[in-house]
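Structure first, then comments.
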Amino acid sequence: MNRTDPEGAIAAAAARCSNAGRWGADDVLGTLNFLDGAKRVEGARLVRRGAVFSLAQPFDASGPQNGWRRRTNPVHTMLDTGLDAERGQGFPHGLGGADDVVFMPLQCSTQWDGLGHIFDHGTAYNGRRAGEVVTSEGDQVTGIETAAARIAGRGVLLDVGSVIGEDGELPDGFAITTEHLAATAAEHGVEVGRGDLVCVRTGRLSRARREGWGSYAGGPAPGLSFTTADWLHRTEIAGIATDTWGFEVRPNEFDEAFQPLHQVAIPHIGLFIGEMWDLDELAADCAADGRFEFWLTAAPIPFTGAVGSPVNPIAVK
Amino acid sequence: MNRTDPEGAIAAAAARCSNAGRWGADDVLGTLNFLDGAKRVEGARLVRRGAVFSLAQPFDASGPQNGWRRRTNPVHTMLDTGLDAERGQGFPHGLGGADDVVFMPLQCSTQWDGLGHIFDHGTAYNGRRAGEVVTSEGDQVTGIETAAARIAGRGVLLDVGSVIGEDGELPDGFAITTEHLAATAAEHGVEVGRGDLVCVRTGRLSRARREGWGSYAGGPAPGLSFTTADWLHRTEIAGIATDTWGFEVRPNEFDEAFQPLHQVAIPHIGLFIGEMWDLDELAADCAADGRFEFWLTAAPIPFTGAVGSPVNPIAVK
Amino acid sequence: MNRTDPEGAIAAAAARCSNAGRWGADDVLGTLNFLDGAKRVEGARLVRRGAVFSLAQPFDASGPQNGWRRRTNPVHTMLDTGLDAERGQGFPHGLGGADDVVFMPLQCSTQWDGLGHIFDHGTAYNGRRAGEVVTSEGDQVTGIETAAARIAGRGVLLDVGSVIGEDGELPDGFAITTEHLAATAAEHGVEVGRGDLVCVRTGRLSRARREGWGSYAGGPAPGLSFTTADWLHRTEIAGIATDTWGFEVRPNEFDEAFQPLHQVAIPHIGLFIGEMWDLDELAADCAADGRFEFWLTAAPIPFTGAVGSPVNPIAVK
Amino acid sequence: MNRTDPEGAIAAAAARCSNAGRWGADDVLGTLNFLDGAKRVEGARLVRRGAVFSLAQPFDASGPQNGWRRRTNPVHTMLDTGLDAERGQGFPHGLGGADDVVFMPLQCSTQWDGLGHIFDHGTAYNGRRAGEVVTSEGDQVTGIETAAARIAGRGVLLDVGSVIGEDGELPDGFAITTEHLAATAAEHGVEVGRGDLVCVRTGRLSRARREGWGSYAGGPAPGLSFTTADWLHRTEIAGIATDTWGFEVRPNEFDEAFQPLHQVAIPHIGLFIGEMWDLDELAADCAADGRFEFWLTAAPIPFTGAVGSPVNPIAVK
């Protein structure tokens, strides 16, 4: 890989990995097309104990965001409280109520990137012009609502942090390669294939939990190597998520770059990418019972026209 | 039922139906305690075709809210768009991006009521003082995050609108009784029991879809009769959701009242109530294949301290 | 005026009235250039009694907005309240506090339009490309902050509603012409000229106060005729405000049109337009003392890059 | 002053300085009662050159807030942009428009504290119970809207930073005493008295501008000594503002304390306090022409029930 030519590398990977047109000119689902009913039936059979895991971080003012690019943490405020109820709110027969509102960037915490989130030279997924897809009124073609009833299927955990890292964690700047992914899957005894939802644990969130957020949101991190683009394409997975803010390794593997793997994965592969997922409790359970596959539901809130969405992914084993 | 004494009726029902203390003084889960691993295993076995249904309404500015009690529809705005990306955003190698934010009341669309949402004479679930539970910092005891990893299990649809109504719809003010629920279950060939997640379709949303929102949010509606409190308690269901804004019949069945069934169901039964769910597509499928039970995941976004949460419930058959 | 050719009429008026280039290629102030120190000294001399008037409407959830074009009323919520303070907030020595937040469209209530608010065929004030001026990051050239330290000077009230209307009010659709403005000024005994801030009262807000908001925001209203464009240009006023949502008459005076006078006034004249001002109390005082001129300060909140701003205009006589 | 007994010191100062009842049991204006028409006439006569100064900081995402106590910087987003206008927005005759929204804590930048902002042992201004004044619906008695048409009068600058400090700046933790205020006024040749609006420059903002925000919002700062409570009361000023986040010296002058002067000034004196004002440009002008008095308009945006408000204070000389 030529560290000095990200543009060339991106163009080459895009040419090799593009799914543009694969599901027709009108397609808005990208790799979610790989996730079909048969895969869901397969996934549901993985429920053996009924053990359930939320893969979401807490959504609150203590989160990782620091205001960069106007990304704040969620600000949750009350319209009414129990204190108001005790004082009296004007309702009859002793009824009292509490109600609340939130302001939040849609990608401030555990999330899915929508297909309108990233463009390559002004081109969005499936060869559309970026400016025809996402205007100030939102993503008018591939808004996250198009994925509202899709993301439930077989989940696979690849705990690269535990298999490859030390004490369960990879260091910042560690680029996870196809070889690392394969070695982890082999160690876990799982296979990754068409229609799967892959969760890659790096251990970065475990470290943030221990040491504080620091630059968790937007800073250095372990993550997928740019060289995994072909694997992401070839495996025909439906989606992939990590416990880091940005999915791919940071700093990136070119001298001057910003999220080059996104530039291939989203507009060309049409891949659904999850970020800031909390995989620690699930990973501990998988290590304990030796089963790294599970039923996973990760349904975005269908904000019309959104280019991403908060999500509370639920794994059941 | 004495139409002129809601306070007495509420007190009597609360005395009959209270689960306070049932799971210990520290319990924060209420009826979600009924939803266990065995029930999840049972629910997962209902996945036969892998057909998937989102039970969420669209979350956008076109929703039902009209500003009453400061409840607006979600306001979704962009931080960056495809038009900005085409113009150039200062990223290297042709990368472009779109990002967005939202402001929303947490109960403006498809939602779960948390256990801190309603109080009875200043008392919250499990006998706590309302003002000790929900302050301006949020619900410090039963915040919706406590239910983050729970709500996945067996779902049952009771399409009362189709079984009891005309053309699939019940009129405003129609009080659904225990008898209606039983007749509907019998007609569907399903049983409702401990740990189930029950979805009651009234047809009110179908009408709003056809005629416009009007007073859908906050106005008259069909819904559960106050007299179903004992059924809600006795069946030991884990949660219940309707396609109306307020779950119970409106106007209420007392001369002067506001949501009296809430006042029993949430602080006394500890019941999780879902509102504004879209059950139409699921109902059509159930009618077609004759199976009114399914695997249901309805995970709230874990806003710390929230008394409710938007949700995209996902049913799989 | 040809009712069927708004585009031609706009182009002709723009050609007659353009101030593009008048203050140099870098100018961002438009007609505020007419408001100089001498005018401020003249205005300050109008303070005789020290009587003070706020020309702002209340900013709250009861305002005129109905969600059209995602314009809601302000949603004001508390971070802490007196009830929390009485309960105890963890501060030492008995200190208690209340704090609050707001979400609001910047043009939801009493406001200034900034020069980046309206474009003519993709052209912004001073001949710039609209897309070079206002991106998703805001107005990068004529953001309202550029007017932060400008709008204080001589105010003049033209109470057209009282002089021309019946019972102090003009009906919806009433187009105020140059003749109406001149007759009103003559009746009041005031002159309007270079650098003045002109307040035109139609009585529309008085009616909304009496009858309810109805379609106050976005609907029919009395207002300035398209034919006043030349007067707006010729008088060299610094700004003009009305008690209506949209400044100009609605429905507009062409068969198919939307705010054609804005299209001349903002991008070509570079005129500052105020909307939804409350002129009633001031008008009553002016009628009582016969003086229709005053000192006016109407400073926008300097949101960086905003294309408009809430304002609390303060008149002193 | 006993460093170990803030509670006793506060109680004693409150007893000496209380204005409770001074203007009747229904009063909501506090020290704004001192600002009358005669004072406004006096203030308006200070306009000699028509030079105008905005005393507001920029309101944007680059501001001083860091999320502490859910206080973020303003998040300003666009509903429509010039890029959308160039692409076409569906308006007739070539009209294009841009529109925007903001989410902000009301006290995140240049602001007024309202009288409902601070309580002493659960007591608000004029002897009211805090919980009767400020609920989740806002300040129902002394909301900032009650001050909408008041704050215009004679402004006086006390540039303590320049007179007492080095290079125009006081260090963090520097307590400005009555003697410092008197010495500064004497040096400037101004007097401070009944109904005045006093601006105290410490130089803290100049330092933040040079060195970065750091802990500007919420951290150490120069500011008024607790011992100035009697001066604040005795002088009968209408309001006072500083260029710091918190008006009084930080750390406070007691071993364990949090804003003890606020606890006297707001609920007992009924004093209007401005924070985070930008006094630098005005100070330079005053130093140049030797006149430290001016006409000042500082009108809050009248958010109904708000306990504070953003403001763009406008000084004219």
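Chains here go by letter, A, B, C and D, matching the order in which they are written, and residues are numbered from 1 within each.
We take it that a contact is a pair of C-beta atoms (placed from the backbone, for glycine too) under 8 Å apart; a residue touches a chain by one contact, two chains touch by 3 or more.
All values derive from a computational prediction rather than experimental measurement.
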{"item": "Pair exhibiting more inter-chain C-beta contacts, B-D or C-D", "value": "C-D"}
{"item": "Chain A on chain D, rotation in degrees - Cα superposition, rounded to nearest 5", "value": "180"}
{"item": "Inter-chain centre distance, chain B versus chain D - centres from mean C-alpha coordinates, in Å", "value": "45"}
{"item": "Centroid spacing, where centroids are CA-atom means, of chain C and chain D in whole angstrom", "value": "26"}
{"item": "Residues of chain C touching at least two other chains", "value": "70, 75-79, 81, 83-84, 87, 101, 103, 131, 135-136"}
{"item": "Pairwise touch network: line, ring, star, complete, or other", "value": "complete"}
{"item": "Chain A residues touching chain D - in the complex, by the definition given at the top", "value": "61, 66-67, 70, 72-73, 75-81, 83-84, 87, 103, 131, 135-137"}
{"item": "Residue ranges of chain A touching chain B (in the complex, touch as defined)", "value": "6-7, 10, 36-41, 43-45, 47-54, 56-60, 62, 69-71, 74, 76-79, 81-83, 85-86, 91-107, 116-122, 124, 129-136, 138-139, 145, 148-150, 152, 254, 256-260, 262-263, 295, 297, 299-308, 310-314, 316"}
